[in-house]
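These notes open a run of structures that come right after.
Two complexes come next, and they have one chain in common, chain A, joined by chain B in the first and chain C in the second.
Moving on, here comes the complex of A and B:
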């Protein structure tokens, strides 16, 4: 094989496909990073409150309960959701070989989504909350914007998929397109204000668990399924398995939610159903794990050359890890110790950070150069971002897993006073604060790097040819 | 080909509808018949407004309101009350069952800590009564006045935590919140059939 003289076949078509979705994707990425920084500040402040409970106590807007809520919503509906909209606007056109339909609708949708957050998140600090975990954004002045904005972006994407002329739908399209059908259904069911008592709790966790599964997980699995083979230049390990994995994922994941209420006051059959469905998750999780990890086996050398791959491979490993941890936590023997403890917070950060956020970082490292046709300015900024993210999240998760188990053991022993369940966690919560600050430093590096890249793009500085236009040979052809 | 896309999207909707049927619609139908637990009364106006403060300040993120099944937990042995049942929550919307116990369960805090003055001081400055507490203080729910008025609830603050001059008086939201906390009492025993939901 000799290196091609001119850009390889398909480059022009891909550029054309990338072009239509450029504006909505860029808008989504830039605003997503804004919310990432905002959410980081809220998270750090909330974590510091465990060390300094009387600090910033004079204003209701900065009390722990409101900061924590603002952190969660800025990260889920701001950072993650917007970045996922951006990834989708770029990925779907490529996979169905159709330029994004109605790109202006998508741009408008992303703007409206941001309006919902700009009124909803400060609203949370001002005390306007719907009072249900994951559903706190105000039903009057925030949720309607999210529904409208999401429908506009989703409409453009589904229109694109329906206009597909390809014979075959790649598995990433399955996950991504289905997510844009699932999430609106879930969001509306979750936000209806008709439930009382334990029914309110059941619907809360039907929504909370499925928002993670059918929105965050679905889109990011789709991204990993695209990026891993793409960067490695090697097909996915077993394509059949990925389709089995998809339908098993949909069926079992959707019944998982009640494991958040193990031992609680809802009818036992509901909890049992969810525990069984949680156990059955080994099928789709195993299918995805085999596919992702076996595709990677033997190609770890490529990690040195591709920042995208580094982030995405870690994201894929974390998906397996968080799923196994989740299955494990659903079982009563584990749950009786870990429920109500910092273990839960560790688990949610393995999911939303180590899996979702790292995958989104990797996706943005891949997509942004193709949108602005300019390479990332600095390899060392990427390295800093990577190691700060990896070090920060590893310390975060380990600290809260240890702290959470110690807390749970103390809580489970009625001979030990409640005080002990608090004091055993304190050193681990301090480690968590440091880890959170490290993650925030990584986010600042990332945001700075994007700003640098976009400002050079806007000033139309001379660009070096992007690396992705070269065709690196990762290995020698044998025989 | 569009047919594949439609099959995918319809399949996705069908699976989600099935799950929503099992975990939302059927339970909603079954739970309409739940009767309030013995002794449970609707919230008074003040208790309801205190519940609003509880929700607004995010108390739920550190305090659960559910005593769990005694066969798998030691909640009851810890003195937090009998296991909770659906009838305990019939007046709650939205629910505040919670997912964390950074602080203790509050399902029966009204029965466990019925002293109003303790509750008010604890909200003003938790560490004045529980030295190891990491709960936020809520000074903004209180007022410091030169002299208390005739209807004011004065909070007796130990000197270490007291303002330099004047007296600490509970604001209307602190009063409502304490009314709500003191109403949290689900200690009345259940009729035998209600007490064993697990057997059904």
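Moving on, here comes the complex of A and C:
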């Protein structure tokens, strides 16, 4: 193999596309990591309350109800959403061969989104909550900022898609662009203060489940459909199947939310329809799972070489796992045992951590060096981060699944006192606390590594050539 | 029967309608008439040519035959140090 005399075709164009979206993407990633740390601390404190219920009990802001809500919102709207905005600002321009339109608008949007969080999350600790799951952020002081900020970033991205210079929209663009249409509508509708009673609960879970699907899932599936083939250097196994998966997802997913209310006081036909739709999710989930797996077949050795691939493949496997677990949980016989138990917490963490967060970690490991034109300072820190994440989430989920089933069985047994349904979970909740601390340790490693990398960037240490992905090492050697 | 569920029924129908409209638009625009090039949109010349150390000799040979002489990977080529 000989060093090329000039960068290979396409790499200069790619660098230019990356450059246009660099500022908003960097801002989103840095602030996302800030919220990841904040959310982790809230999560750990909330979990420790199960072992030390009287600890910090004198402060209203640090009671379980407020800490847990602040943890959820910091993770969903802080970490996950901001990281997804960053990934989108980088991914869309590459796939439509068009620089990010209105990058300053996107930067402004990311800043405004953060303002919404900076007013909303402390507000939750102070007791200002809308009182609906996933919609707790204050509708007066926080939600308007999120709507405005999201619209600004989304506007820049959708304008970029409309200016596409390619004939075909790649499947990742379908997922990502659709998310920026679905989510604002969902968020505004979910936050309207016109629903009361049972209807409010139904709309709440229509929002909650669809935010998980049409926002978190859509953008991360888009990222996986890009990164898997990109690292492996081979196209996705069946492109047609990927489109079947997307459209089946678009048609069936919106019907799913009511399965959260199995056993609740809402019309039976709604629950039944939702359970049937949940079962039909086998089609898009199967399409995605088969496609990802078949793309990897014969190339699993790549996991040794690519940290990005390790995170992303685990994320893809977790997508299949969380979807199948969700379908399974929707069935009445299973739901009877698992409803109101720690099983639900395990399920949400398979989704938002094992699938979404691991995919975002992998994406950032791939994207950030290309934005700052510097390599990650330490392979060892990436390994630490990976094993802490994997070990932490595996222990977390297994403990809460077992604890949740035991809790559900105790709740259903009329011969056992209610107290037993609580005490039976305690050892598993202790494992959860340790697992949560392990995850936080991984996040600290990740944040430290990013800080190291960006400090070199800010000190303007030697940059890699602009076509960084081409052959930076070869230029050094040939010189 | 519908009193407590009208909002969700309407919202679900709206979501479905939106998906159907987008599907029809994509169909008319020819987005489903995909050929082999569609799946290769993420790649440029460099991606196709760079040698993957995990590939078997036959996989590497296929890559060379399809895309030309191999290029060595740069640092961080696969995402991460």
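What we mean here is this: the second predicted complex is superposed on the first by the 457 of 479 C-alpha atoms of A that agree within 3 Å, B and C clash if a C-alpha of one lies under 4 Å from a C-alpha of the other, contacts with A are read in each partner's own complex, and residues count from 1 in each chain.
The rule we apply is simple: a contact is a pair of C-beta atoms (placed from the backbone, for glycine too) under 8 Å apart; a residue touches a chain by one contact, two chains touch by 3 or more.
Keep in mind it's a predicted model, so treat the numbers as computed, not measured.
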Chain C versus chain B on the shared chain A, clash or fit after superposition: clash
Which of chain B and chain C A:159 touches, first, second, both or neither: neither
Contacts of A:456 with chain B and chain C, given as first, second, both or neither: neither
First (chain B), second (chain C), both or neither touched by A:293: neither
Which superposed partner A:54 touches (first chain B, second chain C, both, neither): first
Which of chain B and chain C A:418 touches, first, second, both or neither: first
Partner chain in contact with A:344 - chain B first, chain C second, else both or neither: first
First (chain B), second (chain C), both or neither touched by A:169: both
Which superposed partner A:255 touches (first chain B, second chain C, both, neither): both
Chain B and chain C footprints on chain A, overlapping residues: 169, 178, 181-182, 189, 195, 197-199, 202-203, 206, 210, 247, 250-251, 254-255, 257-258, 266-267, 270
Residue numbers on chain C that touch chain A, as the complex places them: 1-2, 4-9, 11-12, 15-16, 18-20, 22-23, 26, 31-32, 34, 36-56, 59, 63, 69-72, 74-81
In the complex, chain B residues that touch chain A: 1-2, 4-6, 8-9, 11-13, 15-20, 22-24, 27-28, 30-31, 34, 55-62, 64, 66, 68-69, 72-74, 77-79, 83-86, 88-104, 125-127, 132-140, 197-198, 200
Chain A residues touching chain B - in the complex, by the definition given at the top: 49-50, 53-54, 57-60, 63-66, 68-69, 127, 129-133, 158, 161-162, 164, 167, 169, 173-174, 177-178, 181-182, 185-186, 189, 193, 195-204, 206, 210, 214, 247, 250-251, 254-255, 257-258, 260-268, 270, 273-274, 332, 335-336, 339-341, 344-345, 411-414, 418-419, 421-423, 425-426
Residue ranges of chain A in contact with chain C within the complex: 1-4, 7-11, 13-14, 94-95, 166, 168-170, 172, 178, 181-182, 189, 195, 197-199, 202-203, 206, 210, 226-227, 229-233, 235-236, 239-240, 243, 247, 250-251, 254-255, 257-258, 266-267, 269-270, 298-299, 301-302, 304-309, 362, 365-366, 369, 375-379, 382, 468-474
